[in-house]
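Next come two complexes built around subunit A: one with subunit B, the other with subunit C.
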Partner chain A sequence: MISDLDAQKTAKALILTLDGEEVAFEPGETIYEVAERHRREIPTLCYDERLEAFGACRLCIVEVEGIRNPVASCTTKAAEGMIVKTKTDTIEKHRKTLLELVASENRSVDVNQLSGYASQELKILVDRYDARTGRFAGKKSGTSNTKDKNPFILRDYDNCISCYRCVRVCAEREGDYAINVMNRGFNTQIITEFNNDLRDSECTFCGQCVQTCPTGALGDRKALRDSDTEGEIRKTRTICPYCGVGCSVDMLSKGDKIVGVQPAMDGPANEGALCIKGQFAFDFIQNADRLKKPMIRREDGELHECEWEEALDFAAAGFAKVRDKFGRHSVYGIASGRAPHEAAYTMQKYIRATYGTNYIDNCSRA
Partner chain B sequence: MSNPLADMEKPDVIFAIGTNMTECHPVAATRLKRALTNGAKMIVADPRKTRLAKMAHLHLPIRVGSDVALLLAMAHVIQREGLIDASFIEARTAGGDEFLEHIKRFTPEWASEICEVPAADIEKAGLIYGQGNPSAIYYTLGITEHICGVDNVQSLCNLALMTGNLGIEGGGINPMRGQNNIQGAGDCGAVPNNFPGFQACDDPASVEKFSRLYQTEIEPKRGITKVTALDLCGKGIHGMIIDGENTVVTDPDKNHCEHALKSLDHLVVIDIFLTETAQLADVVFPATAWGETDGVQTNTERRVQRLRAAVPPVGEAKPDWWIVSEIAKRMGTPGFDYESAKEIFNELCELSPIYAGLDWDRIEDSEYQWPVPDKNHPGTPRLHEGEFKNGRGKFTVVGYRDPAEVISKDFPLWLTTGRRLEAYHTRTQTGRSAGIEYLLSHESLEVHPDDAKSLGLTHGGMAKMASARGEIEIEVKVTDMSPKGTVFTSFSFANVPVNILTGSGYDPVTQTAELKVCPVRVTAV
Partner chain C sequence: MPRQSNDELITRWKDEPAPLLPLLHAFHNRDGWISEESIRAVSKGLKIPLAELFGTVTFYHHFSREKPGKSAPRVCTGNVCCLHGGNELLESLKSEGATAMPCAGRCDDMIPVIIDDKAFVGLTKETLVHRATPMPVPNPGGVTECVFSKIREEGRATLEGYRSSGGYRGLEKALAATPQDVIDAVSESKLAGRGGAGFPTGVKWKAVADAPGDPKCIVCNADEGEPGCFKDRTLMDHDPFAVIEGMTLAAFATGAPLGFIYLRYEYPETEAILENAIKDARANGLLGENILGSGLTFDLYVRRGAGAYICGEEGSLLNSLEGKHPFPRNKPPFPVTHGFNDKPTAVNNVETLASVPHIIANGAAWYRDLGLGENAGTKVISLSGDVQRPGNYEIPIGLPLQTLLNDWAGGPLPGRSFQAVTMAGLSGGFLGGENLNITLDDPCIKSKGSFLGAGGIMVFDDSRNMVDAAHDAMEFYAHESCGKCFPCRIGTQRMTERLNGSTPKLTKEEWLAEMNDIGSTMKSTSACGLGMAAPHVTESLMRYFPEQIEAHLNGEA
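The block that comes next holds the complex of A and B.
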């Protein structure tokens, strides 16, 4: 049986024709959003689903019956009864030409995958459309900023295609407005206020501009240190270890080496955002200072490395001795607010089950 | 947080107090910035002109430690202007009459004297918060690290209760947790008053339950806090095990703390580096770090999420749980034959009602926020919807108290401490990450230009800063980020051990240290 509510929904359903197929859409959706839901794989370069649609790259153009020129699907709202074609020969030819033009402005479309989350977008499209023809070789836009020596963000604007995703993510998502666009056309340049280094701007080095750049013009300088390290890049989904927000990240590794971090666009706490710590402060993990073996304090009063068995026996014997001498209320446990649940759980269980007390706390009081 | 992070984009009015969110929780702050873009109004109460304060419609640079006075006067204005939610108070709260009578005395003019901000601004803050629909409160350690930390929190609860801003989308009371798994440490029962899942240590049924599960008789009363334990070191406490905390640098009154740990007969430290605290230990165990450890952590919105190992551990490092279990086994304690983090997490879920609907496999996609009472439950993004866990939301009658120490002729400036964006805690991690130094190479003391002038301090010059407990040297940064009469620094750099100075007092209930207020004297070197 159809309920009243269902009947209303059916009555109000908005329909358009997508490549000959009738599909429903919600009020306010763009043609691009409807087409993506139906897996049309419309190419884009200036699009990032977290940002306001911009309509600059023109790759997402589609034909709409009754409109003479193709329209940008990312900025055109779907309308009742629209007849849309996403992949005609003409459209595909336009797209290839656009990609040839874009590629012609850059020093290279092949950039290292470690550059950033979206860094392969241009390369993938250029290959998909077989657009390495060199037809438009000549004038370039954007000049790499080689004077900004910050250790995090490569500013290789020779590979900039003026999609403004960096400028938009900084403004719309971060609210920092650290960078903007100077000049237009071939003279376009992404700069900070007064063209200073990023350090002297409102930039917080959250790395969002790097991760949304579709060409690797902005690159993750820390990850790129491992460009030549052997091994495939592996991504492991985990959670940032700093504050309590709990941002989802993909940790990048090659072999046994951690080489970088990228934000998880589907992380529920962060939805693709990170800060400088989560983005760039990961290499403490494999720092030379890490403790590698247990240590015990010997007769000379100094800590010395030893084997696990000896250290564990020594630790347990020490607690047994204290308990036997001073009673069960003489031992106290402090769990970490940094280590995972399993650490805190076993610590409290150790105290409660061994001593029968609640002499347990964590570092939340300081 | 009573409300999910996603709600931070939805308030009509944001009241941020004691939180330097753009530096300490930058990703959460991006949501507030979007709320502002969408037209939300923001009140920021913070002595310092933080980035958040600069974005606010109203910034109240209150004197450190005067929060209760501000909040009482805001409540006064809300009542006087008829902005209370009478039906919410009637239906869902207790103690409202007494509270509403209590606040009649506390006018903005009264609070203005204590908070050192104009009465008109306090009036305005009350009006804006009271008129918001909804209004949301965000706070951090600027509220809790005071001798009146509990009073501060309860004052915020009073505001939310009297205006009905609890249990609704875009509202609530939202403490931002400062450490990745400080929420989880509490969830797991690593506190002296609760077993795992917040089952009280003085509740006979819970004591019986855990005594049975852990095969030993657990005493039916709360344990002492870490603060008390440190005070008792060598005088009752003789053995201690510390996991992943650089106690001597993060805790107040560094000299006292160091002395305490040195007076133990047996100190075991588990960490990833040989921290200042580990250097005092009798045994140091190398733990696996982030990226090397499988496990679980809970974020500030109670979201239970999986940590996954990406690479093998450095050296012979082992997971913390394995180390603790091996010690327990050697002491003959039963129940530590764990072979994986999964086994331990599933045990936690089985005996914690708030985690009852969870297990290792169900949290794969980070979709649950506790409480999740059973396997069919979708989780609880928003607390207090429809009803409070304990029946009614209780108003608390609180009064203003001065900080443990107040400024005097000898110590005429207020010192307040905090974090900086680029550094985390004692820099054991960020200090060992390449590049951070480019942005933050050393510590400095933020001093208002007028104070710098009257004290003869120069930007980039050195100063001596002393409190009743000690003295440190620090570089001066002249900036109007600090209000006149108040100086600021962080506790990140070991060569500027600011916690030699702090430690004037503790909240009597939580024993949280008053790290946010410390009278000092600053002199040019």
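The block that comes next holds the complex of A and C.
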């Protein structure tokens, strides 16, 4: 015990001074991470905590005593004894100028919230810094590719600010490397290989790029169908019904209508990730064609609605007939990947005990 | 030679160090352009995701992605060549598919035009000639030189001529001593980086020597992209073994077995000269294993860039070598600990490296004392523009600018007077008026808000419109901004627009306020030296030539 205490005393905590306040930090932490823990609300546009810090937007600059120029706090590691100021007049002025510059290259900073999870970031900062000045007028950057033939992702690069979050999320989180950046300087443009449509690329339509885009340049086309639908957007936390991973999602609804899905950045299983199904394939929920009752194909060859009791008896009789006629290995069970553990267990029990066969599998294995 | 297949090209390069650039050049050379099919083949061969590779290829402006491609003339429309009619020459070659290129590093000559792998010069389409890089004239001040001291000797560019004029004496001396002795000598000489930033070379080498990680690496930065700089070309063309010996000394001092020369695209003849010199050095036991029987191993590869000023910035250069998208890297960590393939790496300029053999051979004190007054050593100045005798001059640091301009280079053109000069190529902006009386050393130049940098000085006489000059400079930065960080990507564009009057009409107050705000934010917040330096141009324009700005805003010519 005594030696433990001694060890604690000698392992001196790392300390830096943050706006005059001494705060502790862990080795490897960046200034930004330390400052965020202490609620400094440093503005950022190219930052996504799930991605490697990139250092593009320069909004996160802070003053560090002894260093002539401000440093980007997202890429600069905290160091013992550092004296950091996060919000001097000079820093705030640079931030405002940066935001005015960024606003000047886009067609609009006001985009529909349904565009994506992070789509309001630019708008919020422009308002916070009162940067709606119309200064720095000039050429707009980015060429929109709104004709990209896909039902999921709007590619409206007129509103792109070249933060490369989309490129980085696609590479770092998805491992798809579907998109990248073409050209240099003011002519940079987010593209797939050879500037083709997404469907001709490695894109899996996971929508991660849409959800990290801070300007709505990448937009959720399915959600945006309901731009004009009446009502406030409501978010309801739930679990994606598709597979056993159990990704947390926020269902977006207006009134009684489900209009879209956004990944939950704090979902323990997915940490903001989703696949094409969880992200975009939600229409079935309120689809008119959705089956709401079991059906049996009767003598006339047509499907007829019935009650569950009857449907189950009918199915059981059918299975028994097959088994009696062709033997125990004539039945093969595949449990749904959407089924939770308990259901999958019951399914294999059912197949093994009822039919006496080991022909049981799960669709996630396919 | 029959057309080589994709597979043959890939097999040739894929296991070489830093294979992407040479492989892309191999396709570019074979077909004259880089096709979709070639990009697919390289992507597969080197296992680089297709979209990433496509983005990287588009980053370099000299890689053609359509016919006629490589054989179409590229005409220099850099600041100095504009003074000589670069735009008119470009116009006259348009029918042959000509495109503009930024300063091609030959501002002391006529306008360079690159066609395939030949750099021609001329003032009109009919009179283009292919000739060697100009040799520096004998030192007009009669002062002792370092890097140019032997360059004019007969046969210096051959191994035999190099050795007979004192070459490899430095390496022999070093091999008889210790790596630490070399580092000490370089430190004591006060040699500082000649590529722009002026970092003490001895300190850099010591850091690499001390850093953990193998294999360490020496990179010679021969990208020479700074407009108005053409000294590295002269050194490599006329004294290539000095660069190789300098790199070998760096390798010995730091313990690096591997080296690269990163050469800009615009110097095709230089590539051949370096490759031949490396071959000769290797054949004579001066590169490779057991150099001069000492047990030292050092091997060296030339890698040719493809048109991107930013690839002279060391982080961007290293990414380019590694086959990545050439954005600059966030610092720290610095290349001395995390350089090529994240191993300790010394990135040094050509002139820095070429100085070292002389310093080791003649001693640290000898070099240090070459400077005037408190200043140590010498610097090559690339002088160009409106002056009688443009060219490369090796000056003792501390020389008055007026001495260089008038006594060494013959003064202004007949009937003209000097209006302004640039410093550090373009990166130091303009000096004018009283401040043309500076001495050429950083303490003095920095006190005027500029710096000596890589030593390019362009001269503008009283016939020139300085707003136009500033516009051409800012257009260069906008063209070369890598696009990674916001202040530079957008700022260089907005400044260019404000210098060519393509924006909605602004009052003088608005114009000045916008330019000041953009400039100050770029200087303070840009992620690399390009964006930090670019506002020197506009700041100095506002300081020295307010009346020309006024005329520009009033729409006067």
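Everything that follows uses one rule, which is that the second predicted complex is superposed on the first by the 281 of 366 C-alpha atoms of A that agree within 3 Å, B and C clash if a C-alpha of one lies under 4 Å from a C-alpha of the other, contacts with A are read in each partner's own complex, and residues count from 1 in each chain.
One rule holds in what follows: contacts are C-beta pairs under 8 Å (C-beta built on N, C-alpha and C of every residue); 3 or more make two chains touch, one makes a residue touch a chain.
Remember, predicted model here, so these are calculated numbers, not experimental data.
Undergrad: Given the touch rule stated above, what does A:61 touch, subunit B (first), subunit C (second), both, or neither?
TA: After superposing on A, A:61 lies in contact with subunit C but is clear of subunit B.
Undergrad: Would you check which partner chain A:319 touches, where first means subunit B only, second means subunit C only, and both and neither mean what they say?
TA: first
Undergrad: Count the residues of subunit A touched by subunit B and by subunit C, then name the partner with the higher count.
TA: Comparing touch counts on subunit A for subunit B and subunit C gives B.
Undergrad: Considering only the touch criterion stated at the top, classify A:112 as touching first (subunit B), second (subunit C), both, or neither.
TA: neither
Undergrad: Figure out whether A:359 sits in contact with subunit B (first) or subunit C (second), or with both, or with neither.
TA: first
Undergrad: Which partner does A:104 contact after superposing on A: first (subunit B), second (subunit C), both, neither?
TA: second
Undergrad: Should A:347 be classified as contacting the first partner (subunit B), the second (subunit C), both, or neither?
TA: Touch partner of A:347: subunit B, not subunit C.
Undergrad: Quick check on my understanding: which residues of subunit A belong to both its subunit B contact set and its subunit C contact set?
TA: Touching subunit B and subunit C on subunit A: no residues.
Undergrad: Please output the residues of subunit A touching subunit B within their complex, sorted ascending.
TA: Per the touch definition, subunit A meets subunit B at residues 150-152, 172-175, 199, 204-206, 221-222, 234, 236-248, 251, 253, 256-258, 267-270, 273-278, 280-287, 289-297, 303, 308, 311-323, 325-326, 329-350, 352-354, 356-366.
Undergrad: Of all residues in subunit C, which touch subunit A in the complex?
TA: Interface residues on the subunit C side: 36, 39, 49-55, 58-59, 61, 308, 310, 325, 330, 332, 478-494, 497, 502-504, 514, 517-518, 520-521, 523-527, 532.
Undergrad: So in the complex, which bits of subunit A are touching subunit C?
TA: 45, 53-59, 61, 69-70, 72, 75, 77, 90, 93-94, 97-98, 101-102, 104-105, 135-139, 141, 161-162, 164, 171, 177-188, 191-194, 201-202
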